[in-house]
Each structure stands twice: as C-alpha cells, then as structure tokens.
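Heads up, the next two complexes both have subunit A, just with different partners, subunit B and then subunit C.
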Partner chain A sequence: MNDVPAISFRDVDFSYDLVPVLKVVNLIVKQGEFVSIVGPNGGGKTTLLYLMMGLIEPDRGEVRVLGKKPETARRKIGYMPQSMDFDRQFPVTVMDVVLMGRLGSRLGGPYHKADKQAAMEAMEEIGIDSLAKRPFSKLSGGQRQRVLIARTLACNPEILLLDEPTANVDPDTEGMMHEFLHEMHKRMTILLVSHDLAFVSKAVKSVICVNKRVVRHPTAEITPEAIRELYKDEMRIVRHDQRYQNGKNSNG
Partner chain B sequence: MGFFELLTDMITDYTLRTVAMGAAVLGIVSGALGAFAVLRKQSLLGDAVSHAALPGIALAFILTRSKAPIVLILGAAVAGWIGTLIVMSVVKSTRIKYDSALGMILSVFFGFGLVLLTFIQKLPDATQAGLDTFLFGQASALLQRDVVTMAILGAIALFAVTLFWKEFKILCFDPSFGGSQGSPIWLLDIILTTLLVIAIVIGLQTVGVVLMSAMVVAPASAARQWTDKLGWMIVLSALFGAIAGVAGAVISSTVPRLPTGPAIVLCISAIVAISLFMSPNRGLFFKWIRERIRSRTLRLQGILSDLYELTEQHQDREHPHSEAVLRTMTPSMADIHGSLRELSRQGLVSEIGDHEWVLTEKGYQEAKRNLSLRGAQ
Partner chain C sequence: MNITQIEIQMIAVVVAAGCAIPGVFLVLRKMALISDAISHAILIGIVIGFFIVRDLSSPILIIGATITGVITVSLVELLKKTGLVKEDAAIGLVFPVLFSAGVILISRYAGDIHLDIDSVLLGELAFAPFNRMIVAGTDIGPKAFWVMSGILILNLVFVIVFFKELKLATFDSGLSLALGFSPAFIHYTLMTLTSITAVGAFDAVGSILVVALMIAPASTAYLITDRLSLMIFLSILFGAASAVSGYWIAHILDASIAGSMATMAGMIFLLAYILAPGRGLIALIKRRFNQRWQFARAMLAIHLYQHEDLPEATYENSFAHLEEHLRWNPNFAGKVVEQAQGRKLLKKEGDLLVLTGKGRDLAKEYIVK
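Let's turn to the complex of A and B:
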C-alpha cells in the first residue's frame, strides 16, 4: 500500500474565469514525505490545496489522493486553513471547533460519543484539553492556532495540509508549530504552504515551488537565484543564515 | 387598562390572543433564524427577502384571487427565494458586490410589487381590499388558522435547524473547512437561506415587508451581547423575538390606532438598547464601570508608590510629605486629597498635621508588593 503516492497530479490545468492559475502540473508526493509549498501571492498555492481536497475540479488532467479521487479520499486529509479566514468573535467553544474535525460527509443529527472522544484525545495531544469549554473568541492567537491543530487531528488524518500556519503568530507559537510538525511527521505525510523560507528550510527536505508552473526542488537546491526567479519582484528579503552556514552554500 | 385586565384579555379576548400568539410565533422563528443570518454577516439579506416577497404576494393573489394565508405566504416565499438566488448568482458571476446586489434586487422587486398592488386596487373585485396591509403589517386581521399555518411552517424550520445543527454551525463559522471535510456546503447554504425565507414570510402579514428585517437582525444582535455560545444565542434570540412580539401586540391593542408591526419593532429595539448598555460582559454600562474602577485603582496605587518612593529617598518612615509634592509627581489633574483620604480609609496612609502624609506599616508593605509585582511583569 505504501507505494501508492499520497498525492499525485498528472497534467493538471486549472483556471479561474479563463485566467490560467496552474498549468500542466505534474507532481508526486510520496507517503511519509514532508514537503513545503512556496510561491508568490496569487501563484496558485491555495488552489493546489483545493484541488487536492476536491473542492474544485481541474480543467484538464487528473488528481489522485492515496490513489483515489479527492472526493473519496478527503476524509484522510487534515486541512488547516489560514487562520484569518473566519470571524474571531463567532460564538463557539473550543470543543465546538475541535468537533468540526469530526463532521464528515454524513448529514444531520448530533455528533456521536466516539466523535467527542476523538476530539478530546486530539485536544489532550496538543495540551489544550483544559480549554475545552472556553469561548474561542477569548483565546490568544497562539491558543487559537493550537485549537485549529487539534481540529485538524480530530479526523485522524493520514495527510496534513497546512495553509500558512505560522503567518501572524508569535515566536512561541512558531516554535510550538515546529515541534508539532516534527512529531506529526513520524506518522503522516505533511504538505505545508508557507511564505516563511527560514521556517521552511529548517523543517523540510523538499520544496514545491508554485507560480503557475509547479516545480519540485530539494531544499539544498534553493539558492537565492532560484528564489528570485520564483518570486520575481515580489520577494521580500528573508534571512536564513543558519541554513547556508551549515549547508553546502555557506559561501553566500 | 390594568395589568390584570390585560392578562385576562390575553386569555379571553379572541383577537388579542390570536395576535399575541401569532406575534410570538413570528418572533421565535425570525429570532432563531435571524441569528444565523447575523452571524454570517448577511443581516441585510432579510431586508432583501422581505421586500422581494411583495410582488410574490400580489402575483399569488392575481393568479388565484384568494387571500388564504397559505397561498399568499407561498407566493411571498417563492418571490423572496428567487430574489435571494438572484442576489447570490449576481455576486458569484459578476463584479457587483454583495451589498450592491442586495440593494438592486430589493428595490427592483419592491417597486414591481408596488406596481402590482396599484394594479390590484383598480381591479373591479370586492375582495382586493386589504392586500396593501402587507406593507406595514396588520396583526388585527390575523385569524386563528393563520396562526396555525405560521406555527406549522415555523416548527418545520426550527426542526430543520436542530437536525442540521452541527452543519449550520460550520457553514457559519468556517465553510471552507466544512467543504474540506466533504460537507455539501452549497446545499446547506441553500437550505439555511430557504429557512430564513420561511422565517421572514410567516411574519409579513403581522409586521409587514418594510419592517420585517428588524425582526431578523435585532433579536440576534441583542442576544449576542449576553452569551458566547451559539446555542444560547439562538435560544435568547428566539426568546427576545417572542417577548417583543407579544409586548408589541399587547401595546398596540391598548393604544388606539397604533399598528402592531411598528409596535413590535419598537419593543425589539428597546431590548437591543437594553442589551447594548446592560449586558454584563459586553454592555457599555458595565464596561464604563469597570473602566472607572480600574482607573481609580491605578490612581490610588500611583499615589501610594509615589509616597513610598519619597519615604525611601528620605530613609525615614516617620517623615511626612506634603500633598503639594505628591501633586507635582502626578501627571494628571487627579484629586490628590480625595485619593489620599480614600487610602487613609483603607489604612494605608495617615495624615500628620495639615496636608502632610506618611505611609502606615500596612501601606508601606502594600506599596512594596505592588512595585515588585510590576517589576515581575
């Protein structure tokens, strides 16, 4: 079973209203890999994730998740959206939010006992079980991020898709994210969308660069030239001294 | 009319009882469904639906020549629903934004509805009179069977809410995550919007198309002030809607020529105002009081630590310090004398001679503790 790739794209094109967003994407992510998706704003990173989850259909080509159609396999995917997407004042408790990870495609009726059990276990794993009854709106940014992680884990995923989990968080939370990803990598495939190349170069071995076209690089090959090529003028200067001093590119 | 007479009227008077029950039903249903609309930031959708319903009512009458509530409600629902779908598809397929689309649909449908009403009034038919009461609502015309129709439709809507409770919660909170879980978000969106349309059309006869949106937005806004839990918010919202409905019905029955719809809307507005000011966590009144207490505590602590600093500089705890010195150390125009009096009441300072103060032992320890706490932060 493990020979089946976690994610595979074959000749995939996608466009929004005739504006091409992704062109001829060919991509394989093996099970157990930890890769990062980088690229400029509007380059198609989130679109790539949406295709993996079957939220949108490709114009051409084929997307497979664990060898199956995304619609069938998406229960195996734990998705963590960008945290800016929703109303922070929304009246829900932490437990409510984590339980959302157990929604599934079954319509109607309340959550089962097993769902609550799984949600509780996910919260214990992240160390937020004491917050279960707190209003989500009263949490700090770091706590909120932990809740979203617990929600992602509650569905027992085999593949994690994280959309910029370290955008707008404090250094403590970023450190926590590092630790969490390191821990999770032992048991699942991880795809991480991030602008933060310092974070990426420390954490992952391979990078998927998305800007209409999709190219895979080992992290060691990410030279300043490659990044400039990818981001063109949009690049902001990111220091990653650590990587380049210890790695092969230490002259830079 | 006294309170007891009103109470007995509520039970014995057919019209008042019917109106009060109808208003309660519409308050409960629009309050509960309105809460979802408000949380989805679709407050104005209610306005568009109710205005868009008017041509539906008129067309239903023209086609059937019947004024049976179920016929008119059905017409209203279909027109309101079509209006909503047009708004959704305009937003999806053009560059026109949500609020502009709502504004357009609302006025186009409402205008068309008014034209149809004028047309109906010119019809040589005795039964046409009274359809324009849908503009501002006329609760006194409610019959028991109307209320039964409203209650059945409302019960169906509320049952659907409990059935799809967890799905609606996700739809409102984080639809893209719900979609990633395989939930049919577009279908849920249509179901919830349809339920909102039902909630609105059952209130039209009582409150009228012009004011109905208040019954969607106001109870939910008031309820949001009191709780951080979705379930409680919806229960409270329904309760506020019901209270406003009954209160408005009763008030309009006691004041001559006061229409019920506006009376209900005034009642719910009063509930909103009270909630905005008086709710314990978010209310402006308690916020103001908390602010006052905090600034007073800070002022007292500031003066205490100033006095402590002077004491330390002089290395003599018995040496008194004048109010004038303390005033120069305080940046604001705070009432130094009054604050010192308050501190003295708490046994933290004592006055020696005229406007000369020293720290008591308790005050000395307190100031020391405050400073070390502040240092620790």
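Let's turn to the complex of A and C:
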C-alpha cells in the first residue's frame, strides 16, 4: 500500500435530470481504511458508489480510485450488491456464482483456467470450497451470503464496496460478516453501506454521512442527535444493549 | 413414413429447438409475455416486407419483422419508463396496436394472395415442405428447414459465446452493471434473436404457437434442473419431443400439426409439474406430509427436554399427559411416540417417556435456533 488515496472526490456535483443528488462532495478515503456510508433513502449513497465505479460521470469535479480514473481502476474493486431480488430457483451452481466476480471487461468466450483457480481460492478462503458444485438454490441464507462474499473476493480486489451486506440476514450470518470484514480489513480498504448502525458502530472507526452533502464523522460522534439530523423524520431509534438501529429496514 | 412426413418432422424439430433457446432466457428473466408481444407485433413487419418484395419467403421479411420486434420491445420499455403504466399493461398496449395494424393491412390489401390471417396465426406445417430450397439448380430440401436451422445455429452460437455474460446479466443485473458490462446489450440482443426466431417459426407454426414453443419447454426444464446449460439442453429436447409426438398425434387425429405440437409441449410441462423430483406437486405434498411428522417429533423432544430431571417430570413426561399439554389426540400422540422410538429419540419406561442422547440433541438443536 502507498500514499495514493483509495478513493478521492474533489468538488463533485451530480444530478439526475437536473435534480441535484450530490453537491460539492470532497472526500478522501485512505488505503487500508474501513469506513461506513450511511444516509437516508434517496440521499445519494448508491450514486456515490456508482461514481466510484465509474458507472456514471460527475457533472463537475473529479473522482479518482487508487489515483486512476474509476473506469480504469474498477477491476480493483470488489462490489457486493444488495442481494434481495435473486431468483431463488435460478439454475446456477455455487461455482457459477463465484465465477461471476471474474467477469471483468472481457466479453464473450468461456472462463479461463486462472478464473476458475481464483474462484476456487476465494471459496477456500471463505470455507465454502466443498459447496462448489452445489446448486445455489439449495443453500441456506447464511451459505448464500458466504457465496456472495467469495464472489466479491474472486477478482482479487484492493477495495471492497459492500451495499447493505447485513440487510435481511440472521444474527449468525451477521456475526460471520463481522468476522469476515475484520479479517479483510487487514489487507484491503473497505467501504460499507449500511443502515444498521449497531453493526457499523462495532465495526468501523469512521462514518461517511450522505444526504446530498457528504460529511465524515468519527464513529464516536454518532449520537442520536446526529442520526436524527441525518435521517430527519424517516427513522426511529430502537435502543437495545447500547445499540442504535434504524427502524426501517430499507434498501436505499 | 414417406419423405414428406420426415421432412415435416425435421422442420418441426428445428422450429421447436430454435424457439427453446431464447425461451430459456425469457423464462429466467420473467419476460415470457414479451414473446407473445413480439410474435404478434412482427405481423406488421412481415406484411410491410411482403408488400415490398411480394415474396413470403424473402429474407427482407425476416429483417422487417425483426425490426418490428425490437421496436415493440423498445416501445414497451419506453412506456414502462414513464412510470405511468406497469410493464404488463405496457405490453398489452403496444402489441395489439401493431398487430391490428397488420391485420388491417392484410384484410385491405392482401385479400387475393397467399397471406391470410389464419396462416399467420396458426401456420401450416403440412405445406412447409412444398417450398423448396434450390441451390445451383439442385433441390436441397424444404426452405423452412434451412431457414430455421440457420436461426437455430445463430441462437446456439450466441448462447455459447456469451454464456457467462447471459448468466450474469440474467441472474444479477446489478453486479453486471457494476462490472461495467451493460445488461442492456444482452437484453436487446436477446430481443433481436427472439424476434428473428419468431419470424422464422411463424411460417411453420404461426405466431401464436411460437409462444407455446418458447415458453413451455423452458418452463418444463426449469422445474427439473439446477444447471443452466442443462436447462438449455433439456428445453431443446422437450421442444423436439413435443414436435415429433405432436406431429403423430395430428396425423392420427387428422388435426392441426402446430396445435398438436403446442398441446404436447403443454402436456410435457404438466407431467413435470406433477412429477418433477424435488419441485413437482407430488414431491411437494410428500414434503409437507413429512414436515408435519418431523415437527411433531421435534415438539415432543423439546417438551420432554424442558421437563426432564425436574420433580414434575413423572407427570409432565408421561404419555397420558401429551393430550393435555400438546393438544394431541391419543391416536396421533401414539404414532408420534412410535416414530420417535423407531428413530431412537426416546425410550418408554412404563408410562414415562425418557429422551435418549439423540433425542436430547434434537431438542437442543431446535432450542438454539
């Protein structure tokens, strides 16, 4: 790792059809950092991720990933989308799903040997190599989540972008996610989009709050007042054993 | 079997196989209805193409119809994107307009030629062998066979070359987009192929039955396999089986070949729906039935576990008490206890039910959950 920031935004504006979504975003995420992105639905979290992956162009300003243009650096990013709308019966094996992480930009033709090798290594790392040939549809929720993690690792990423990895998972899987992120943090930069502030406050030191403007806070400063300010009326706080949680399990 | 019969079956098989391939992805992408839209809307493309070249088997017709197919899909997308109508309504709005325009054109201007609405809707496979493919003065077989074989190969090549992209874009369009790989490319290519296939097949089986041959074999295969490559292979196989069996049923009943083929495709689906291992109706009923007993055994184990080694155990864990505590009738309770004994979950000591180590493990397993 060197001094080039993993992610940098300089004076970035972005709007959809003239409706401003993000305004004057200045943001630096250093390599090796573990930060969380929080904010209300429609606040621009997904837009921020898309800008990082170069799927959309900013109206103004500059986005850099590992010092390069996002389109160029995209393959260094392991992205885990929200996993709610999969067809549970879709005819794929675990290996098929993990291989999808290797698709990269090469169009057409079968996967190479190196792709299969990398997919196998990713599965071994997560401890699911024995499931490789199993149909994805026959797995439990926790196993599925592991497969999606392995898929994210299959491209040997330097940065992990995880979109709500703990939405709709049981406590066991959440614990597993926690352990996994802790382990991955030793060797890569992690950005985690989450509504689950309990999960966030245990895992990360710094939080990026997105609601048209983007502000960074140390986790210690995340008080009920700060949350209320960010989410406005859209939330309720459920407090249990020192945890704060956004009441709506939403998917923004 | 005479040569015409063999040729009709050959055409039927390539038509069914050609339709099955795009069908798999339409079914997986939950877009089965779009095949209905495309297969109807291409009529206007065929009619306009026909007016230009005055030949029903000209490639211009295929090109014209394919363009209309893609226009149909684009119009549906456009309407959907306005957010004012839902996708199914958008489909229902777009294709009847295009289709009826085609119907008006035919009835007004093509009354005296071989292009009537019946043949467009239902096709006539029995006549297909009469239209021959002549290359350098040699008759190499029915034209429909060669056209549809070409389309089948085109579909196969597309699926083989872009297999991994198709799989990703269909399974998880979100990730596909994030990898910088446009799901729209796959979408429109697939729609183009669906249109080409529908045009190629309409001559033989008509535009309505194309839908049956695209959707039924793929839906059947979906019930049977967990592998995409196998699903494609099985769809082709089921399509071909419907084609041949349909032909012979039509022969025996002296009925429409295309109609019999589509009926057979439906029958094969029905069989799979009832019998498919793991997912069919029978497997489902069996599973529900087993689950009921499994649940009862677990309830019993948990109940016994909660009270064992406590003073009230002699009362709580007696067989007679089950009726009161678990609200089981003695007959049902007797069967559950018998099953639990058979599985070595418990022992009977007089009237008292005593958990074995295995029974205790079962109870613990559920309690932890």
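The definition used in the following text is that the second predicted complex is superposed on the first by the 235 of 252 C-alpha atoms of A that agree within 3 Å, B and C clash if a C-alpha of one lies under 4 Å from a C-alpha of the other, contacts with A are read in each partner's own complex, and residues count from 1 in each chain.
Everything that follows uses one rule, which is that a contact is a pair of C-beta atoms (placed from the backbone, for glycine too) under 8 Å apart; a residue touches a chain by one contact, two chains touch by 3 or more.
Since this is a predicted model, take the numbers as computed values, not measurements.
Chemist: Assess the superposed three-chain arrangement around subunit A: do subunit B and subunit C clash, or do they fit?
Modeler: The answer is clash.
Chemist: Check whether A:208 is in contact with subunit B, with subunit C, with both or with neither, and answer first, second, both or neither.
Modeler: A:208: touches no partner chain.
Chemist: Give one of first, second, both or neither to describe whether A:51 is in contact with subunit B, with subunit C, with both, or with none.
Modeler: Neither: A:51 stays clear of subunit B and subunit C.
Chemist: After lining up the shared chain so the two structures overlap, which partner does A:98 touch, if you call subunit B first and subunit C second: first, second, both or neither?
Modeler: neither
Chemist: State whether A:107 touches subunit B only (first), subunit C only (second), both chains, or neither.
Modeler: So A:107 meets both subunit B and subunit C here.
Chemist: Quick one: classify A:132 as touching subunit B (first), subunit C (second), both or neither.
Modeler: A:132: touches no partner chain.
Chemist: For A:190 in the superposed arrangement: first (subunit B), second (subunit C), both or neither?
Modeler: neither
Chemist: Between subunit B (first) and subunit C (second), which does A:71 come into contact with in this model arrangement: first, second, both, or neither?
Modeler: both
Chemist: In the combined picture, which part of subunit B sits where subunit C already is, 63-71, 333-341 or 351-359?
Modeler: Here subunit B runs into subunit C along 63-71, and the other listed stretches stay clear.
Chemist: Do any residues of subunit A touch both subunit B and subunit C, and if so, which are they?
Modeler: The overlap between the subunit B and subunit C interfaces on subunit A comprises residues 53, 55, 71, 74, 79, 81, 86-87, 90-93, 96-97, 99-101, 103-105, 107-111, 135, 137-138, 151.
Chemist: Within the complex, which stretch of subunit A touches subunit B?
Modeler: Touching subunit B from subunit A are residues 53, 55, 71, 74-75, 77, 79, 81, 85-87, 90-93, 96-97, 99-101, 103-105, 107-111, 135, 137-138, 151, 155.
Chemist: Can you list the subunit B residues touching subunit A in their complex?
Modeler: The touching residues are 39, 41, 163-167, 169-170, 172-174, 176-184, 224, 227-230, 233.
Chemist: For subunit A, which residues are in contact with subunit C within the complex?
Modeler: 53-55, 71, 74, 79, 81-82, 86-87, 89-93, 96-97, 99-101, 103-105, 107-111, 135-138, 151
Chemist: Contact residues on subunit C for subunit A in the complex?
Modeler: Listed in rising order, the residues of subunit C that touch subunit A are 28, 30, 161-165, 167-168, 170-172, 174-181, 222, 225-228, 230-231, 279.
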